[in-house]
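Across the two complexes that follow, subunit A remains constant while its partner is subunit B and subsequently subunit C.
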Partner chain A sequence: MSVDKSKRTYSTGAFFFLAPAVAVLLAVGIFPLIFAVGVSFHQFLLPKVHWHGNFLGVWPIYDAPLSWFQNYISIFQDDSFRDALSRTFLFLIIVLPCELVLGLAIALLLHKPGNELLKKICRVALVIPMATTFAVVGLMGRLMFDANYGILNYLWSLIFRSRPNWLADPNLAFFSISIMEVWQWTPFCALVLFSSLTMVPLEIEEAAKLETAKWWQILWRVQLPFLLPGITAILILRTADILKLFDVVYIMTKGGPGSATELISLFVQRIGFRAFDQGIASAQAIVLLIIATLLSRFYIKFVYKEI
Partner chain B sequence: MTSPKSKAGSTGQGFNVGHFILLLVIVVVCVFPFYWMVTTSFKEQGAILSSTPQIIFRPTLGNYTTAFQKFDIGASLINSLIVALSTTAISLILGAPAAYAIARFEFKGKRDLWFWFISNRMISPIVVALPFFLIARQFHLLDTQLVLILIYLTFNVPIVVWICADQFRNIPKELDEAATLEGYNSFAIFWRIALPLAAPGIAVSAIFSFIFSWNELLYALVLTRTNAKTAPVVATSFLSGYELPWGQIMATGTLVALPVIIFSIIVSRQLVRGLTMGAIK
Partner chain C sequence: MSKLFCTLCAGITFSCLGLSVAEAWSLEEAAKDYKGTEIKVIFLDRPGYRATIKMLPEFEQKTGIKVAYEIVPYESTREKEVLDFSAQGDLTIALVDLVWLGEFAESGWIVPIDELQKKFANLTDPDLDLNDFFPLLLNAFGTWNNTVYGLPFDNYSGLLYYNKEMLKQAGFDKPPETWDDLLNVYGPKLTKGGKYAFALQSRRGETQSCDSFMRFIWPWGGSLLDAKFKPNLMSAKDQEGLDFRQKLEKIMPPGIVDFDHNEAVNALAQGQVAMITEWSAFYSTLADPKTSKIVNDLGIAPEPKGPDGRKPALGGFSLAVTTQADDKKKGAAWLFIEWVTSKAKAKEYVENGGVSGRQSTYQDKDFVAKYPFVSPMVESWKQGVPEFRPRFPEWPQLSEIIAEWGTKMMDGQTTVKQGSEEIDKRVQDVLKKAGYYDGKKTLAQ
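So, the complex of A and B:
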């Protein structure tokens, strides 16, 4: 009885602390989502629909004809949505291992004793790529990969005696956006894994060093267990971010040439705001949301099992 | 010859050349694109368009004056600042109490609520941007700072909740119990005890919220046209054309990115703490 009572007072306290945040997130996050579901069941070509007032003052009403699941059906009949999705996952499985391996290498270098001042500078330098406005990273990419004047292209020509047009060739453009993504987010992996390495108790590491001089044995047997939570977190966060990736690619290639670098966010943005088909775009966004939610549920379950 | 050297390196004494060079390469790779952008912004078009990169050149401020006059970068920087500061402040006011409740109280559905908060990070912005555009259009909110401040709450409140909840959990529960005995109610405990003790975590979440808002492009691109245009949107105005005005573009890029980069370097310790906090727990 008394336990029950104390629990209830706690709950009412919690209610007042939580209510504002939950109310606002419902209003700006969930309400638009429900509205998107509504739009996705209509034939909603932006130039053709007209507004007919608001239901209850908040829900806009349009004269768009109801088309039920037609938008969803056409998504699955149309290859371009599936292509954009598989392109995004291809990007993910190319980029993520690079970021993890390079990140781990950097973390190990930072963890190795010696060169203390340079290591300090290095830790600060690693912050720069992450903090750079994503749109500006796209601009940097365009400047450095430019066919005629790009510095990377120049360095390439010194070695290989050719000046490929990076952003105009489908494969090279895909490669270029991958490079910029790896440049920007490898530091994140490095810093997360570095701080995981510092969690390894010093005695254990010293003892292991007395036993073997091979760094990969120490990595595999001693450090890896401490690295696992960090690696899992990187997998979750980078997957989520790559499914959202828009800015860098939009600036660098705008999805082109053709649709060679059109990742899923760019694809949906084009349908909704450049082809003005809000109905199809909303349906695609809902499908994307379902995929992302399933992935995150899967990941979260996976992580919470670890703990 | 090599074996004593490597031994010295592995035990931490002496100077290891290989280690030094590798670290130096990392620093150069991290800094170089940024350095190249800034130097390009001071170059004349002729120096930029030479087929061999010009390391030494006569600097000019012309690109910056053009960026301010032609692209109105000043106004968009002010927009970015207003939006980022407002949304950060509101996110803290909403998020910190919610984080406290999640860290301290037991109630039904807490786990689900927590999942809901953190799964907001997984939602692609395009999902929210589409309906938000239609709704904002009907309320005549397009191209206002308010609409950006509101929509940025969708990712900032979860960040604040995530980082602050972690911080509140680390405050010893005994403090709460002692304060309850003193006659404090839960609001007083939150305000007078938990909040000051959680200040470092709150600062970290504010830094993140500010940087993410400043850097955001997709929502700003979709929801603004001219009046409320933020700095990253200006960066998209150069997408077409054959001979691009690289000097002006890079001047704009520098003006957009530099404030946040300097800020991040100053707070880099807190930043790294925040990045890794959620990750290794």
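So, the complex of A and C:
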């Protein structure tokens, strides 16, 4: 009897503690998602639809014609959408391993004993790129890679006596945005992996060091299992972030030259807020959400391991 | 005789009545009931708006109307306005780029001037005189389907800005008259030692579609769409113009597809290039010693002629009252638009860095002599094409397509022919979807 009572009390308490968070999540996360799914099944050209009040005071009603799956069919028939998606995956598979490898290298250096003051300074410095606003990173990229006045071309011309057009050449522009992405987010990987390394029990690490002097064997056999949860988190978060990467690229290249740097988020923004075709843009956003979710499941299934 | 006498008497009486009304009308008196009203508008960070901001205190003091403005980058302006109008927001005045006019008018977001004049007869300045605006500007910037919605406010024409000293050193005492001369006569002599003859702003966006791509269609006798509203880029004249643009690349700085307005203007201002074709609004930047090294060598001429004439770039904005505003705000907004585009304020607007669309402003020879950009600009407005860029609601979608494939053509990712075919195909899809080919929608322009 007393057990039942305590259970009930616990449940009621939990309900009141959780309810505000769930309500906020419903309002700011789930409701817009359901609305976007609804819009994706309509021919929703913003300048042509009109608002006709709210259903039950909550759900907005528009006079947009229902088009069922037409928007989904049309995006898969659109070469530009497929190109932008492929370009984004190419960006992802170039940038993410670079961030992970460089981040791991920094984490291992920070994990090495000694030079405590330098390591403290380094940890603070690592936060700076992450804390920099995306728009500022884009502007910095635009200035650094400027063909005439950029610092990069100044240094480059001293060595190679030439001035590449970083942002005007399709391949170099893609390379330039990749560099800025790696610059901004490698520190994040470094800090996550460094904190994972601190989880490795000291005695196990010291025992391993007595067994072998080869650092990669220690990394592979001792440290890696502790790094896997951090790596999984990095993969999930960075994949989701890269799929929605917008500000830096928009400011640096606006997706150009041509469509050389038009990642999927720029493409969706162009359809949604230039052409104002909210129906197609919502369908594209939903497809992206499904891709991000599937990739997350994939990472958890194949990378994540319980220690 | 008696009929003539009666007519004369009636005429004189009405004239006197008209005069007395005109004399009686004053901004302060008209605005009496609108004191304390706040109106909201979006401005750009460009000279015409900075000029208006300098003049605003006088308007606010005379009328008691508060003008709240927000400065927004051009690229975000349409997005911000469309979202505001769709959500029945708080913008009282619409800043209308000429290519947004069809969209704003057909969506019912802006109020026709006729309606305002009827509704607010006592607020309408008797000296409004729509005929005083350059006909091309009133037509292109403010008129849709024969209805005037907005008054020309921030007015541009494409001009050829050049460095007199660089031209002189290359043996030229005047700027090129034709595009052909610019490429074949001036180009080779001015492109040497790390300097270039010309720069054409071509960055992806409206800069590519309007400033770069369309500039090489009309002067060659081409057009984006034919008389039946079908895409026309594969026509011989369009192809000739676009091929010519490719040839210009050899006399332009490398990486021209990354040049926006600022880069092109800076290239001329710093003496890196000898000539650019840019909007009249950039005169104040090039003539300011703080931002330009060529103030004393700055020359201005109309854009060069193509095989089919000059047909220079045309761009600009009108101001219109939004339908979403309540009557009080509509009245206050109408007063502001009349005032800021009025004959009376036109000279002050120009003196502060703006470009007025009033013909009467430029009849004063002493005044015109102070502003060297005025004569070539007025000449351009006499030869401009209102449809330089289509003004129907689908233009923003077409602009995105042209911007993407236009830059691909320029940096060699595709040929002119392949790019044109791709643009034509995509443009046709957009127009078909909009209902132009199945009779659902009358052909615009």
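Just so we're on the same page, the second predicted complex is superposed on the first by the 287 of 307 C-alpha atoms of A that agree within 3 Å, B and C clash if a C-alpha of one lies under 4 Å from a C-alpha of the other, contacts with A are read in each partner's own complex, and residues count from 1 in each chain.
As a working rule, contacts are C-beta pairs under 8 Å (C-beta built on N, C-alpha and C of every residue); 3 or more make two chains touch, one makes a residue touch a chain.
Just so it is clear, the structure is predicted and the values come from calculations on it, not from any experiment.
Asker: Pick one for A:W51: touches subunit B only (first), subunit C only (second), both, or neither.
Answerer: both
Asker: Should A:G255 be classified as contacting the first partner (subunit B), the second (subunit C), both, or neither?
Answerer: After superposing on A, A:G255 lies in contact with subunit C but is clear of subunit B.
Asker: If you stack the two complexes on chain A, which partner ends up touching A:F273: first (subunit B), second (subunit C), both, or neither?
Answerer: both
Asker: So in the superposed three-chain picture, is A:D169 touching just subunit B, just subunit C, both, or none of them (first/second/both/neither)?
Answerer: After superposition on chain A, A:D169 lies in contact with subunit C alone.
Asker: Please indicate which partner A:C98 is in contact with in the superposed arrangement: first for subunit B, second for subunit C, both, or neither.
Answerer: Neither: A:C98 stays clear of subunit B and subunit C.
Asker: Is it subunit B or subunit C that touches the larger share of residues in subunit A?
Answerer: Between subunit B and subunit C, the winner on subunit A residue contacts is B.
Asker: Could you look at A:L237 and tell me whether it touches subunit B, subunit C, both or neither (first, second, both, neither)?
Answerer: Only subunit B is touched by A:L237; subunit C is not.
Asker: In the overlaid three-chain picture, which partner chain does A:A147 touch, first (subunit B) or second (subunit C), both, or neither?
Answerer: So A:A147 only meets subunit C here.
Asker: By the touch definition at the top of the document, which applies to A:V28: first (subunit B), second (subunit C), both, or neither?
Answerer: The answer is first: A:V28 touches subunit B but not subunit C.
Asker: Would you tell me the residues on subunit A in contact with subunit B in one complex that are also in contact with subunit C in the other?
Answerer: Touching subunit B and subunit C on subunit A: residues 51, 148, 254, 273.
Asker: Taking the touch rule as given, give the residues of subunit A at its contact with subunit B in the complex, in rising order.
Answerer: Residues in contact with subunit B: 7, 10-11, 13-18, 20-22, 24-25, 28-29, 31-33, 35-36, 39, 51, 54, 60, 106, 109-110, 112-115, 118-119, 121-140, 143-144, 148-149, 151, 154, 183, 187-188, 191-192, 195-196, 199, 209, 213, 229-230, 233-234, 237, 240, 243-244, 246-247, 250-251, 254, 264-265, 268-269, 272-273, 278, 281-282, 285-286, 288-289, 292-293, 295-297, 300.
Asker: Can you check the complex and tell me which residues of subunit A touch subunit C?
Answerer: 46-49, 51, 80, 147-148, 165, 167-170, 253-260, 262, 270, 273-276
Asker: Along subunit B, where are the residues that touch subunit A in the complex?
Answerer: 7, 9-16, 19-20, 22-24, 26-27, 29-31, 33-34, 36-37, 40, 48-53, 93-95, 97-98, 100-102, 105-108, 113, 115, 117-135, 138, 150-151, 153-154, 157-158, 161, 186-187, 190, 211, 214-215, 217-218, 221-222, 231-233, 235-236, 238-239, 246, 249-250, 253, 256-257, 260-261, 263-265, 268, 271-272, 275-276, 278-281
Asker: Which residues, counting only subunit C, touch subunit A once they are in their complex?
Answerer: Residues of subunit C touching subunit A: 79, 82-83, 86-88, 103, 106-107, 203-205, 208, 254-258, 272, 393, 396-397, 400, 403-405, 407-408, 410-411, 413-414.
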